[in-house]
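Two complexes are shown next, each including subunit A; its partner changes from subunit B in the first to subunit C in the second.
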Partner chain A sequence: MNLKERIFKINSIYLIIFILGVILVLFVVLPVLKVFVYPSLEDYGTILSRARSIRAIKNSLFITMMSTLTATIFGFLYAYTLEYSDIPWKRTFRFVPVLPLLSPPFVVALAWILLFGRRGLITYELFKLNWSIYGWKGLWLVQSIAFFPYSYLIIDSVLKEIDPALEFAAKNAGADGFHVFKTITLPLALPGILNSAILVAIYVLADFGNPIVIAGNWPVLPTEIYGRISGHYDLTGATGLSAVLLIPTFLLFIINRKILGSKSFVTVTGKGSGLEKPLVGKVTRWILFFLCFFIVSIIILVYGILFIGSFTRTWGVDWTFSVQHWNILFGTKISSLYNSIRYGLFAGGGAALFSVLASYFIYGKSFLGKKILDFLVILPAAIPGIFLGVGFLLAFNRPPLLLTGTSFIIVLGLMVWNIPLGYQSCTANLTQIGNEIEEGAINLGANPLRVFKDIIFPLLHLPFFSGFIMGFLRSITNLSIVIFLISPGKSTATAEILSLIQYAELGPAIAICIALFSIALLVIFLTQLFLGKEVNLFSQRGI
Partner chain B sequence: MKDLHIKIRDLNKKYGDTDAVKDFNLEVERGNFTTLLGPSGCGKTTTLRIIAGFVKEDSGEIFINDQLINDLPAHKRKVGMVFQSYALFPHMNVFNNLAYGLYLKKLPRKEIEERVKNILRFIGLEGKEEQMISQLSGGQQQRVALGRTIILEPEVLLMDEPLSNLDAKLRISVRNEIKQIQKKLNITTIYVTHDQEEALSMSDTVVVMEAGRIQQIGTPREIYNSPRNKFVADFIGMKNFLEVFIERMEKEKILVKANQNKLLMNRVEGADLSSGEKILISIRPEDIKIHKNKPEKSVFNLWKGIIWQNSYLGKIIRYWIQTPDGQEIIVEDYAPKEFLEGEVYLEIDEDNIQYIQKE
Partner chain C sequence: MKKAFFLILLVSLIIFLFSFSVQAAEKVLVYAALDSPTLEAIISEFKSATGIEVEWVSGGAGEMAVRIKAEKDRPQADVFIGGSTDVHGDLAKEGLLARISPENAKFIPAQYIDPQGQYFGWYLGLLGLVLNTEMLQRELPGTLPPKTWDDLLAPEWKGHIVSSGPATSGGAYIFIATQIFRFAELANFFGFEGQAALAEGERAAWNWFRKFDQNVDLYMAKATEPITLTAQGEYVVGMSWAHDILVSVEQGLPVELIVPPYTGFEIGSVSAIKGGPNPEAAVKFVDFVISGRSQEINATVGAKRYPTRPGVVSPPNSPDIKGVVLVKYDRAWAIANRERLLGVWEEVITK
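And now, the complex of A and B:
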């Protein structure tokens, strides 16, 4: 082999790393920087002296604390019940909390409005009350239900990892059930609980769909940012507040990385004992069962009421059966649904491909600047959707990167937003595969590109597919990013839902929600059918 | 005539401040089975990985057939490696695992099939070509790993603790298989292990390493019979280390004193000793005769002692014995007639006293 050939071979790796790096700089770093430098220092002063801005900041922090607390408590109790009791209907209980993750972000809020709104089934119809749920209390309730599934999934996986032998050892030493819980289970699960709380807090801070529907005139940062742009064309105000929003999110993100970095002690003992978990006592069992039953009922009620709502002529006024909302969906709104699916396919596929490439060529190789690139791949997880939307809006609105008004910008925004999730499952898998298989292939004469094609990619096909499918699902249900990037003819289903809600056209909005949700269910069903249990779409490990 | 195949000169590798490999020099003749032996972290695996090209050395030169291979990328080195985990491709069947390297060489399909067939016969896995790796037993996987490497007819075979994933019984039979294959192919092999028995039984040459440095190079017999320092002696399982003073140098013998007891031992060739010096010696437990009563014939190296612990191991009994001057001696009785207790006499043959090093 001559020198020229060798330089080419070595360079082909660096070329890929370089391309990945350029993509990250252009579509992660640039939008973030653009947002930060858009307002001048003076502008920041003006923005922060505005009473409404202060209110939005305070409200955001307040609701984040409240909703995170309740969602985490629900999540913990729910996971604990499923792992430590033998209640009936466990399969249903495991499945139902996944539903909100498959839905556009405002389904719970919409259902709440149908039930407790000004013309709500319960408030108006049943009790003739003039009371409505709009405001922070409604938002709190809605977010607690909408975000507890994340908490449940993370804590559940942590509880699963606790070796029951430890709990039995404590019992053996004389501890009663409550003591075991207090001194063994809870402390061992604590890092996981913290991890889930931080993750939920990041989601709540970034939540746009629920507050825009239900918070009414109670501003939080995402809705205020949106209002600045859509109501006042005030990009300066929007970017300033976006920058403010990124600070707590980013801090939480860093803290979380530190917690995960320092590792929990759950797995210290090495070999699992293969024991069954000790079960809670009879009374506790029933209390926990009814708690879970209550939560599950609410979620089922949410979807049930939406389903009924989509076939009701005018909610709260005319209760007769009607398919007019569905006619609207299949008439003028169907193109937005197609758009959503198209964007979802490209964004999901792109994110999955990028994740696999990045996991091997960035995470799996060592080179100067590796840590920075690795950080940039994960960074979008810390960026609220609304921030990313504003950033893309600013960064690509003039040549040479004029993407505003194209479908491409929407796909790119969604893709970037989905990369961290796929990247994490790819790197976790890569670590499991270990170095030796890769070295084995090299030793047999494969160059690094061959290794990727023949060995790494085939071995990572499961995280690739789950990354693709999760990316697709998250993309078709995303609102906060696409809301700033759509243009006439390029609208998405979620954006259509929002505009219908704003025109008080709840019926067609609900019909589109149900349609999106059905697509998501269908995708999950097909995935399970073709890939079987191998693909665990909802194994949450946190960011 | 010496037919040098691998030459490693002044190899160095640091991880942070730690020397993983320090001033490593080794020459391996064609067809030789050389084992790098040492505890974990001694640098043996790092050395192997440097030769394979997975780790870049800080300095030093590696020659194979007088060709410098330092700057050759790993996939061009023609050194076959068998990994500790086997590193078989789980998504390919046995045939494709064996054929992978041949595919990369873009050999014609027919030749690939022919060679895989031959190798399958060679490793005794005929008829298994369609099976996935996960369907094979540990021993079979190990053979595929070896077959996948030798099918490419590499210049040199590297093996990184290839037996550590097998259970103890299987280990011995696979050990013999590997040795036979190596002899049959007459392929120059560098083998890494921490198991001294494995090293002594398989190798032509043993390289004992510690903390990145070579402690001793020699044939298994040399290593076992004349370990050069305490580390090597300890590592290959020697016991009863005694610090003694040389009291008198005689023509053929040396008189030494361990605490109060005196010992007569043979003169050591190549060691420049003089009276008054402190040296370390060792006596193998099986080389000490244990007597219930004082032997009738006169024996110079006869020590008195008291048994304070014993351990019954089936065909042998191991005794822990304390001499009146406080030395602790382990003795193994390979033909036990009875359990001994209390006071005993130890007879130490002067031929069996092993000089280790100066203190």
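And now, the complex of A and C:
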């Protein structure tokens, strides 16, 4: 092609990269900086000198370690059971762990108390135990169940990709089941296990909805940040502690990137051996089955009681059937639900589109500053939601970037938060798409936009869809980001839930929770129906 | 297929860019820290009376205050309703509230209104106890319901009390200050005056809290949570706001409200935010909120709170305000010593 065409081609690539870069700097870097510099150095000193802050930091690190450990163990055993044994009811077992992923905060913890509290229906009425769920031990249990699904889904996709040929080869060479497990399966799965553990740790660190209800006076950083706001109306303290929370989250994030990267690390070839997995022995099979059954029962009880609760007159006390809470929901609260769906669709779509563009133009190209932009795209995954929300509020409250009070800022915040997930999927897929196709198009004279539109985008349509839908699901259940960005007339369902719980109006709060839940399940069901085996929503290999 | 894709995306993008709603009617934007039945009733009457549209965001008082602080360069809302004078006073101190003179202010006793007209007290909330009468029978047969704060120190209550923590709950802090002021008043009887009385009061209060802590099983994050748990039967008695406790009583739950003598209270306020988008509508809304009609709604709908304007009905089913003994609450001292007292609480409390 002639010089003019070459310049156009290069310029338009750089233009798009530049636009993406500007978006990232404005909407990722700026809010983060705004939060960091809100407290003065002296303020940071005050915040860190409070005994309670120090306790919160220690407790956060402690419970993160504990809950991550058990959640990962549960996740691994659960995934192993599903892939390496032929227990009954597999389809139920595959489905149920999805439920905790779709939960808005708080409400689930209340269900736990009703069932497993001091006078809980199960612990006290049924088993006559005198066990207290409150404090760190109860929190440990609740978080383990709440976050093990992340672990299970990642490890499951990793285990699926281990070529059974290796395991069978070992068996044929004389190794018994346990030895195969120890020397083949476990080492191959280990990077995936570590990856999932880091992801779970990041979630546990930022978990707010569970400790606020269950932990009592045992502070962790997210509850302490909330306490600064709610009990002390102290924005300085809240931003300072958010900055503190960012540090371990960020470290985990860096470890994940450096040690594990985003490459596929499982086995050898993309061409399977066509073999089924070797199965465990009978005894092991039943032990694993009961473990999974135990976990599934707890989850079904917790969500079941919530569902029932939305139709009872007074939560936990008056079980007479009533639709009054649903009447309230369809009355004044319906606009918030509508907003949640609307914002979720746009945030999910925007995030998916951005990830596809970014994966091709940033990840797929070489240019000065590529590493920085590549890092910035994934950075939001390391930022706790509350930090991002406050950052957006502080950064965009005056001209020239006046966005507060609009729906746009909510959508933008949720979108930025969801980009890393889609980006990871797209880049993973992109590395599998050979360069030849792209080069062929370029040789035939296509400009970069044409290449993107006709070649790349269609090839990435699966990660686009899974990114869209995951983005939607995560957005409608998010509270930490939206709580600071909602404005009169532009509230979300999750903000309504918080407000209702504030004034002990549990019935309507639970009804909203179930409504969100049902919408999420419907979306997943439709996705599976229409896109079936192709789009596996949850096989994310990392953040 | 691909073309359809792009078309859909493009159309969605356009719709999304137009998701900024444009409105022309007169309206007022409110940050509210009230339960929804009360709030919606007041708003609905305001709308019928004035024709002004109201849009609001609801949440805790602390959250609303923090938003107002974060938005100081360009306030998003016109009015902040609900939350105690402590919260509004803090915002006033930072210069975030407008100075206004609504008509109805003259009917409210001066002690409830900011002398500079930045916030107006329109309801009183009392601290009280919620007692689950069924659980009392089951778990502590023969024990009488507590009548005073000191009754809660009796050994039979060990493990049966739920309260809230001051780090996250404004009400819990008011509770600490209440005990200090209660003992300070007692100290007056023994000849202590002024600062000395407060020092004695504080010493005695922390002793009281050490014993109280022995009996408390759990401190929750928010002031209203003890009510939920007590009503559910997790605990026999909880400490919380009387108006919120009454909501549970009226729902027919097996609980009753006890207001011990020398109890603490909050003065619920409303204020106009300085620099809000609709200043005139803001004044009208504040004026309505502090009116007799609005205070009557607050006393009879949702979580029922005592009015500050004389002559307005008191919440039914609630103790007669004349019979309630309130502590002499020194607001200024409570605010000034807050940080320090919270630090002491951290050290004294073990649970």
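The rule is short, and it goes like this: the second predicted complex is superposed on the first by the 496 of 543 C-alpha atoms of A that agree within 3 Å, B and C clash if a C-alpha of one lies under 4 Å from a C-alpha of the other, contacts with A are read in each partner's own complex, and residues count from 1 in each chain.
Here is the rule we use: contacts are C-beta pairs under 8 Å (C-beta built on N, C-alpha and C of every residue); 3 or more make two chains touch, one makes a residue touch a chain.
None of the values given here were measured: they were computed from a predicted structure.
Of the two partner chains placed by the overlay, neither subunit B nor subunit C lies in contact with A:Arg94.
Touching more residues of subunit A than its counterpart among subunit B and subunit C is C. Of the two partner chains, subunit C is the only one that A:Val411 touches; subunit B does not reach it. Of the two partner chains, subunit B is the only one touched by A:Arg450; subunit C is not.
Of the two partner chains placed around the shared chain by superposition, subunit B and subunit C are both touched by A:Pro458. Look at A:Gly440: by the touch rule set out above, it reaches subunit B but stays clear of subunit C.
Comparing which residues of subunit A touch subunit B with which touch subunit C, the overlap comprises 454, 458. Against subunit A, the residues of subunit C that register as touching in their complex are 1-2, 5-6, 9, 12, 16, 19-21, 29-31, 34-36, 40, 55-63, 65-67, 69-71, 73-74, 76-77, 87, 90-91, 135, 165-170, 172-173, 217-222, 224-225, 227-229, 231-235, 244, 247-248, 251-254, 303, 342-343, 346-347, 349, 351.
On the side of subunit A, the complex with subunit B involves touching residues 1, 6, 9-10, 434-437, 439-447, 450, 454-455, 458-459. Per the touch definition, subunit B reaches subunit A in the complex via residues 52-54, 73-76, 79-81, 83-91, 100-101, 104-105, 148-149, 152.
Those residues of subunit A that touch subunit C in the shared complex are 50-52, 55, 110, 113-114, 117-119, 132, 134-135, 212-213, 216-217, 219, 223-224, 226-227, 229-235, 238, 314-318, 332, 342, 345-346, 349-350, 353, 390, 393-394, 397-398, 402, 404-408, 411, 453-454, 457-458, 461, 483-484, 486-489, 491, 495-496, 498-500, 502-506.
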